[in-house]
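Structures given as structure tokens follow.
What follows is a pair of complexes built around chain A, which joins chain B in one and chain C in the other.
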Partner chain A sequence: MRPLAPIGLFALLALPLPWLTGSGTVLNLATMVLMLATLGQAWNLLGGMAGQFSFGHAAFFGTGAYATAILQIRLGLDAWTGFATAVLAAVAMGALVGFASFRFRLRGSYFALVTLAFAEVARILANSLEITGAGVGLLLPLAPGLDRLQFTDKAGYYWFALVLCTAGLLIAARIRDTRLGARLAAVRENEEAARALGVDAFAVKMQAIVWSAGLAGAVGAFYTQLFLYLDPHIAFGPQVSVEALLGPIVGGTGSIWGPLLGAAVLQLLGEATRALTGGVTGANLVAYGIVLVLIVRFFPDGMIGLGRPRALDARGVSG
Partner chain B sequence: MLEPSILTASLVHGLANGAVYALVALGLSLVYGVLHIINFAHGALLMAALYGVYFLVERLGLDPYAAIPILVPAAGAAGYLLHRWVVAKASRGREEAVLLVTLGIALVLENLAVALFRSDTRTIETGWAFAMVAVGPALLPAAKLAAAAGALLAVALLWALVRATDLGRAIRAVAKDREAARLVGIDVEHVFALAFAIGTATLGAAACLLLPTYYVSPQVGHGFVLIAFTIVVLGGMGSFWGAFWGGLLIGVVESLGGLFLGESLGQIGIFAIFIATLLLRPTGLFGRAV
Partner chain C sequence: MLLEVEGLTVRFGGLTALADVALTVEPGEIAAVIGPNGAGKTTLFAAISGFLRPQAGRVRFAGQDVTGMPPERLCALGLVRTFQVTRPFAGLTVRENIAVAAHLRHRSRAAALALAGRVAERVHLADRLERPAAELTLAGRKRLELARALATEPRLLLLDEVLAGLNPAEIAEMEPVIRGLREDGITVLLIEHVMQAVMRLSDRVWVLVGGRIVASGPPAAVVRDPAVIEAYLGPGAAERLERERALAGGA
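== the complex of A and B ==
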């Protein structure tokens, strides 16, 4: 097992940020980076480690977000119970999507399409059902306090996000360093060969999607606590699924640090475009799209792979 | 409760929509059949084409149908260049890379539209578009009928193009075996880009047919992407007539779903079909076994 020291070091270095900066903008940005890094890490557990590209991670994020909101609003439960339930609900959703897809051996583009469809079904249901507040959405009452997981200052949310991000890194490192990681890598590189060697591809992919969905659900619950408002588009819209995969793809799917690097680069790029264009809506996403195409074109291993020899493509041509 | 005439009217509406869906899906299916890639930017390209029609109508005062001879070649040329310069270069044939690159293109197009035109929903005034025509028990807007007829015509022309021209023969040869096609002297990269171009050209035609009874907004492509994917998967990826019949079927399902479950929840029927097909019969109803 590789030492977990780098993760501990990261958490330790990131911890004092709220004391070092008085700027709310910087803290907000850092919180967003950590949140999106964790969502990206969730995607990475399935997309990067197992090679199963999901285009519908909003299904898990939204399930977590709605689960805690519904529990708190409709049943009056505390936010911690809500959070735990959110993770479990997302895990159940992950198991459902995973069982349906992997049982029927969907992969590649087919898997991407079916995950996208599951997220859309969830969005339509949230838009129609009464328990989710339909199109109007759900508003959590403002009630700061640790039992409600609501904080009066930005630092509270920052540390909350830091805990999630660190947890994501630990999960990713743990999977990478155990047999599960090796089996997932085998399935990713060549599923037939992995099967032939006795890897139960279905079982390991199920484990990957369950971890992935649970983590994404935790991020969804965090989102609910941070913004105290949800609607079907925010929770299950395609932009969530896109955000989930952008970070790891840009940062690099081969490493547990890729999603964090990608999230940081994209958020800074987003800020830069906003500043350059004077805050034109959509300009940051145009930049993300261009970066996505350029990364796939020039650095298929992501930014973290910059120093490494390039992987061979389908025709055996180097980068 | 439900009168048969309402049901028939709903069916007619569904078939009329379905004909346009079929045209949109055929573009996607053709690209899949030849290039074996899933073009996630298909909806965003339709959105761009819809804006094209919108400005031709609003700025130049053109009739939306008179815009067809302008928009179809323009969309085709854009598709050709997009494939040659972006999709082919960036993806180098890897399946996941194609998904990501076309997703990137969709992001750029959609958000350029947001940046340039804001998220407003725009419609055009044609005066006659909502004149009603009776088709059996159904009252259809004239433009919807025209769109359905135009879409059927476009499907027929596309079929003729694929079946009876040299280009069509080259396309089918490349679809069947790209290496063999290369050996007999076909410029495969050129044919790839042409197939992609035909795919976007169908969107140019679809946009002109749609806009009189529809609207355009930066997100308008979303709905079509999933509908088109559903149709293509249902009909069998790459199958011409599969996409055609699938389009009509999905139009009817959407219409009946809306009738029984309401506008919003009615969409569920489409996705249920989508997921069920992907899971149970990923080769589609008309597809060959892979």
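== the complex of A and C ==
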């Protein structure tokens, strides 16, 4: 088992940032990086480790985001209960999506389409149901305090995001270093061969999607706490699903540090384009697209693979 | 009887790949399935190991009816197959490849990785342990198939042409490995084209032609069986050979 020291070191180094910078912009950016890194990590547990590319992680993110918002607004519960329930609700959603796809052996683009369909159905439901505030969305009352998981300064949210990101790294490292990780890698590389060697592909993929969905749900609940506002597009829109997969693919799928690296690069790139174009809407998306094409073309293992020698034909060998 | 196959029939659309196949494998023996290309040998393994559901027939393993059971459950029961067209986990190292299989009976990562090392040693892959499986040559990939199957600690091992494509030196190296499995209480059913290896290794041979078993018995007897000779050399071949032999004897 590989040591967890690098993760501890990362958390320790990232901890004092709010004391080192007085800039709210820097802290905001860092918080967004950590949040998207965690969302990317959630995607990575399923897409990177198990090779099941989801195009609908918004389904899990949005379930978590709405679950805590509804619990706090409609039932008056505290934000911690809301947060825990958000994770559980997302886990349930993950189990549902997983069962619906893996039970029927849907793989590749079929799986991606099913996840997208779930996210879209959730978006349409959120848009029409009263409990989710329909198209108007949900607004959480401003009430700073630890029981409400609302903070008066940016540092509080930054540390909240750091805890989530570190938790995501620990989960990813734990899975990577145990039997589940070995089995997921086997399923990713060749599902039939894995089954021939006694791997219950359905069971391990279900475990992966449940962890993945739970973590994405936690990020959704964090989003709710940070912005105190949700609407169906913010929570369940395709934009969220794209953000979830873009970071890990740019940074490096299957590596526990890939999602963080990818999120950092993309956020900085987004800021740079905004500055250069004077804030033209969609300019950052164009920049993301260009980076994605370059990465996929020249570094199929992501940026994390840059320093690593790559087997010449590490992919597609079957004969 | 460790394995009993009865009335096994598999069709692909209009093509009958296996027709009413019956065979048995006794514990501790090395049995072989031979037959021309397209005879249905690989299909037979797929149907036994749970990768294909037969249209008719039964498969019994260790006294239990396992027809239609999924491969991962059969593997847990001790029945494992290798693939003729090798399927390495290309992005993983050789050790990690084997460890996936070792995890079937060992939860701990350390135990699985250690067992992987020992199994690799046995099939002469130890020097490649930390290399990516994608780098292996054909001979290496065949060894990896065998190593992974062994790491599941099976009772019955189905080997689909693990010697095909190897050079004579590599075959000579692998034969003792297969023969040695018996000492570990592993029963072997193998598909092989390399006839000399079949003759040297197996206790019993089953001949599959056009989806049907046409002969079975000790290897030396089977290669003299007219039905087998015709299957390989065409109709009338047995008679022709007999005549030639008589002529040669008379001269």
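One rule holds for everything that comes next: the second predicted complex is superposed on the first by the 309 of 319 C-alpha atoms of A that agree within 3 Å, B and C clash if a C-alpha of one lies under 4 Å from a C-alpha of the other, contacts with A are read in each partner's own complex, and residues count from 1 in each chain.
Assume a contact is a pair of C-beta atoms (placed from the backbone, for glycine too) under 8 Å apart; a residue touches a chain by one contact, two chains touch by 3 or more.
Treat the numbers as computed from the prediction; the structure is a model and nothing was measured.
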Should A:I73 be classified as contacting the first partner (chain B), the second (chain C), both, or neither? neither
Between chain B and chain C, more residues of chain A are touched by B
For this session: Once the structures are superposed on A, label A:A117 by its partner contacts, choosing first (chain B), second (chain C), both or neither.
Result: first
Item to check | Which of chain B and chain C A:D200 touches, first, second, both or neither | outcome: second
(Q) Which partner chains sit in contact with A:A182 here, chain B, chain C, both or neither? Use first/second/both/neither. (A) second
Discussion item. Touch test for A:A95: chain B only (first), chain C only (second), both, or neither?
Written reply: neither
Footprint intersection on chain A (chain B / chain C) at 313-315, 317
The residues of chain A that touch chain C in their complex are 1, 177-179, 182-183, 185-186, 188-190, 192-201, 311-319
In their shared complex, chain A is touched by residues of chain B numbered 38, 40, 86, 89-97, 99-101, 103-115, 118-119, 218, 222, 226, 229-230, 233, 262, 264-265, 267-268, 271-272, 274-275, 278-280, 282
Within the complex, chain A is touched by chain C residues 49, 51, 70-72, 75-76, 80-83, 85-92, 96, 99-101, 103-104, 107-110, 112, 132-135, 148-149, 151-152
Seen from chain A, its contact residues with chain B in the complex are 53, 55, 100-101, 103-104, 106, 108-110, 112-114, 116-118, 120-121, 124-125, 127-128, 135, 238, 242, 245, 249, 277, 280-286, 288-294, 296-297, 300, 313-315, 317
